[in-house]
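Paired with subunit B in one complex and with subunit C in the other, subunit A is shared by the two complexes that follow.
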Partner chain A sequence: MPSLKLFCGRNKGFIFTLDATIAAMIVISTLIVSSVYISKSREEALPGLQMLNVGYDILNLMAQKNLWNDGDANSLIDALVPPNYYFIIKRQCGTIDTIWYDLAKDADTPTTIPTGEIVVTGDYAFVKSGPTYCRARFYVWLK
Partner chain B sequence: MRKAQTGSTDLFVAITIFTLLFVLIVLTWNNYAITLNSKFDFQEIQIKAFHISELLVKTAGSPSLWEDQEDPSRIVELGLAKKPNVISKEKAVRIIDSNFLDKEDIRDILNINSYNFTINITDPNGVIKQENGNPLSFGDTQPTVKQSVVIIKRPVLYETENAILKVVLWKK
Partner chain C sequence: MVKVRNKIRKRAILLTLACFLLAIPIITLSILVYSTSMQSENRITELGKLKRLDGLDYSIQMGFKKVFELTSGISLYTNTTRVVIITENLAAPRRDIGEIAFNPANYVSFLETKYPNQVGVRDYVLQKMSNQLPLVIMPFDSVYKHDPANSQIIFNPEKITDIFNCTGGVYQTYPNCRIAGSQSLWPISYEINITAPTENGAVIEAVSGCSSGDNCINIRINVVYNGAQQTSSTYAVFPSLTTPTNIDFQGKDNAIKVTISSPARLVVEETNQNTVVDKVSIGVRYADFKENKEDIKVFLPDNLLFIEMEDIGIAKASTARID
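Coming up: the complex of A and B.
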C-alpha cells in the first residue's frame, strides 16, 4: 500500500492550514468591508434631506417676499442659509431655450457647480408680471 | 514527523482558527444588530422630526384657526404657518401659552409620545425670539448626556422678519 507521503509529501498539515488561513482571511475581509458599509450608511440620509428642505424653503421665502428681481435675495440667503452650505440659485424666464443665469450667490461661492461631490438641486416655477413664466433652480452643497 | 501527529497538529490548528472565526462572527453579528437597530431608531427620529418641521412650517393646523379655540382637545393638527414658510405671530404666542397647551398636549397632538422635543423660533444668529417677554420656545429641556438627537432648522419668516424654526427631537 503506498504511503501518504507519496501523495501529499511531508507538508500535508501545512496545506490544510494554508487553506484554513485563506478562508479566514476571506471571512475577515468580508466582515471588515460589510462593517464599513454599515457604518457609512447611517451618515447619508440627514444632510441630503436638510439641504433639500433649505433649498425649497429659501425659494418659498423668495416667492413670499417677491425677491425674484433684486439683489435683496442675497441678503436673505446670507441670513438664512446655514454657513456650512454653498448655495446658488439660477433663473430662466421665457422659452425652454432661454439661458439660465445666476440670480443669487454668496461672495465666496464658487462660480461653477462641482461635479465630484453630492449637490442637491430642485426647481420652483413662478410667474412674473407680464405675465412671464419663469423657473428657478437651486444648487446646495457642503463647504 | 509521524502521520498521526501531523494529523492531530493540523486538526488542532484548524479547530483554533475555526473557534477564533466563530467568536469573531458572533461578536460582529451582535455589533451589527446593535448598529442596525440604532440606525433604524435614528432614521425614525429623523423622519418624525422632518414631519413635525414640515407640519409646523407649511400648514396652519386643523382647525386652521386653532389658536382661537377655548378647548385644546378640539385641536386635530398643529401648524404655525399662515402661508407656507411664514409663521403666524398669533399661533406662535398661543402655542407657548402653557395655560392653553402644555407639552404633554403638544406631544399627544403631534403623536410623538415616545419622544422628547424642543421647538423654538430664533433669529438668524440663533437667539431665541421673544414675544411679550416670553421666549418663543416650548417642549422639554435638551439632554445633557450623550444621546442621538435630531436637529432640523427651517428658514422661515416670523411675520416679516427672517427667522429659523428649530425642531429638536430625541428618544425618551
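Coming up: the complex of A and C.
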C-alpha cells in the first residue's frame, strides 16, 4: 500500500502543514475580500455626508451673513459649491415652491431633481426682514 | 482489505471534520463582516440624520434670533471681557419701561405648520417669554427680565459676587470685602442710561449710600436728552439697599426709580405712566470674569424648542442664542 504510506506515513507532517496553509489562505482571502466590500460601502456613504455638510455650511453662512437676496446668495454659492457637485436650493416664502438657484460653477445644472441617483437633501428655516418666514430645502448630488 | 477500507473511512471522517472546523470560522467571520458592514452603513445613515436634525435646529435658532432682532427693540453689546450692555428702544413702537415687544407667535405657528410632527415649541416657555421675556446671560447665569404689570426692568445676578467689586480690600469675598481708596476709583457695577425725547431739568436724588470700608456697589445713572448727557450721578450703595434712587423727570417727581436689593438685584421702574422714555440702557460690569468676551452668551429661556426624528428615535431640546 504505497499510497497509504504517502498519506499517513512519514509525510504526515507535510500534509498537515499543507492543510494549515490552505486554511490560512482561505481565511486571509476571506478577510481581504470582505474588507474590500466594507471599505467600498463606507466609500459610497461618506460622500453623502460630505455633501450634506457642504449644503448646511452654505445655508448657515447665508443665515449668519443675512445673504438672502438673490445676487448675494448667488455669489456665495458660486464661491463655495465644489465644482463636482450640482446644488439647488428650493425656498418657500409663502405657499409656492420655486427653484431659487440652479447652480454649480457652470450653468448646466438640471432644473429638476434627478431620480435614480443619490441626492442628498436638507431642510432649513430662515427669517428675512419684515419678518418674512421661509423654509428652504437644498439638494446636492454628484456630477 | 477490510483494514485498508477502515483506514480510508477514518480518513474521510477526519477530512470531513477538518472541513467542518474550517467552515465554522469562515462562516462566523462572514456573518461578522456582513453585520459590521450593515452596522457601519446604519451608523453613517444615522450620522446623516443627526446632521439634518442639527442643521434644522440651528436654522430655527437663527430664526428666533432674527425675529428677536427685528421685533424686540432690544440690543445687546459686550464692549469688554466684563461689560454687557442691554439697551431697550422704547420709541418705536412707543412702549413703557418693562413692556414687551418681542412676539414670536407667528414664527412658532410657521414652524409648527411647515414641520409638523418634527418641530415643537413648548407652551410654558412661550408663556414665560410673553410674560417676562427673560434673557439668560451665560456663563454668569444672570437673568435680565421684564415685569410689564409694574413697569419694571429687572436684572438679577445669580450671585452677588458676580457684580460685587472686591478690589484691593483686606478680605476678598463678600460679605467681608472692603473696598480700598476713594469712591471715584471704584469700578462701576451698574450704569443706567435713560434717554428721553424731552426733558426739563432731570434731578437724580441722592441716596444715603455707603462709603469706603463698607460693602458697596457703585452705580452710575445718566439722563440723556437730545444726544447729550443732561445729568449724571454716581452712587455707592449697599447691595441690599431697598430705598430707591429716584429720578425726577419731565416735570414729574420720582418718575423713574432705580432700586438695588439683595443679591445686587437691579430694578428700573417707571412710576409715572405719562413719562416718555426713548431708551433704557443697563450696563453690567462682571467683577472677576477674565475670559474672552466671545464667551459671554445671551440665550432665550431653556428648552424653548424640541425637534424629533421619530425614525431613529432621537429628539433634541434646545433654546435660541440671541447674542
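In this text, the second predicted complex is superposed on the first by the 91 of 143 C-alpha atoms of A that agree within 3 Å, B and C clash if a C-alpha of one lies under 4 Å from a C-alpha of the other, contacts with A are read in each partner's own complex, and residues count from 1 in each chain.
Please note the rule applied: contacts are C-beta pairs under 8 Å (C-beta built on N, C-alpha and C of every residue); 3 or more make two chains touch, one makes a residue touch a chain.
Keep in mind the model is a prediction, meaning the values are calculated, not measured.
Chemist: Would you sort A:G130 into first (subunit B), second (subunit C), both or neither based on which partner it touches?
Modeler: second
Chemist: What is the contact status of A:I58 with respect to subunit B (first) and subunit C (second): first, second, both, or neither?
Modeler: The first partner, subunit B, only.
Chemist: Taking the superposition as given, does A:L76 touch the first partner, subunit B, the second, subunit C, both, or neither?
Modeler: The first partner, subunit B, only.
Chemist: Answer with first, second, both or neither: which of subunit B and subunit C does A:Q50 touch in the superposed model?
Modeler: Touch partner of A:Q50: subunit B, not subunit C.
Chemist: A:A24 in the overlay: touching subunit B, subunit C, both, or neither? Say first, second, both or neither.
Modeler: The answer is first: A:A24 touches subunit B but not subunit C.
Chemist: Taking the stated contact definition, name every residue in subunit A that is touched by subunit B in one complex and by subunit C in the other, in rising order.
Modeler: In subunit A, positions 4, 27, 31, 34-35, 38, 41-42, 45-46, 49, 53, 60, 64 sit in both the subunit B and subunit C interfaces.
Chemist: What residues on subunit C touch subunit A, complex-wise?
Modeler: Of all residues in subunit C, those touching subunit A are 4, 7, 11, 18, 22, 25-26, 29-30, 33-34, 36-37, 40-41, 44-45, 47-48, 51-52, 54-56, 58-60, 62-63, 66-67, 70-71, 106-107, 110-111, 114-115.
Chemist: Going by the contact rule at the top, pick out the subunit A residues touching subunit B in the complex.
Modeler: That would be residues 4, 10, 12-13, 16-17, 20-21, 24, 27-28, 31, 34-35, 38-39, 41-42, 45-46, 49-50, 53-54, 57-58, 60-61, 64-65, 76, 79-82 of subunit A.
Chemist: What residues on subunit B touch subunit A, complex-wise?
Modeler: 1, 3, 6-7, 9-10, 13-14, 17-18, 20-21, 24-25, 28, 31-32, 35-36, 39, 42-43, 46, 50, 53, 57, 83-86, 124, 150, 152-157, 162, 164
Chemist: Contact residues on subunit A for subunit C in the complex?
Modeler: 1, 4, 7-8, 19, 23, 26-27, 30-31, 34-35, 37-38, 41-42, 45-46, 48-49, 52-53, 55-56, 59-60, 63-64, 66, 92, 120, 122-127, 129-131, 133, 135
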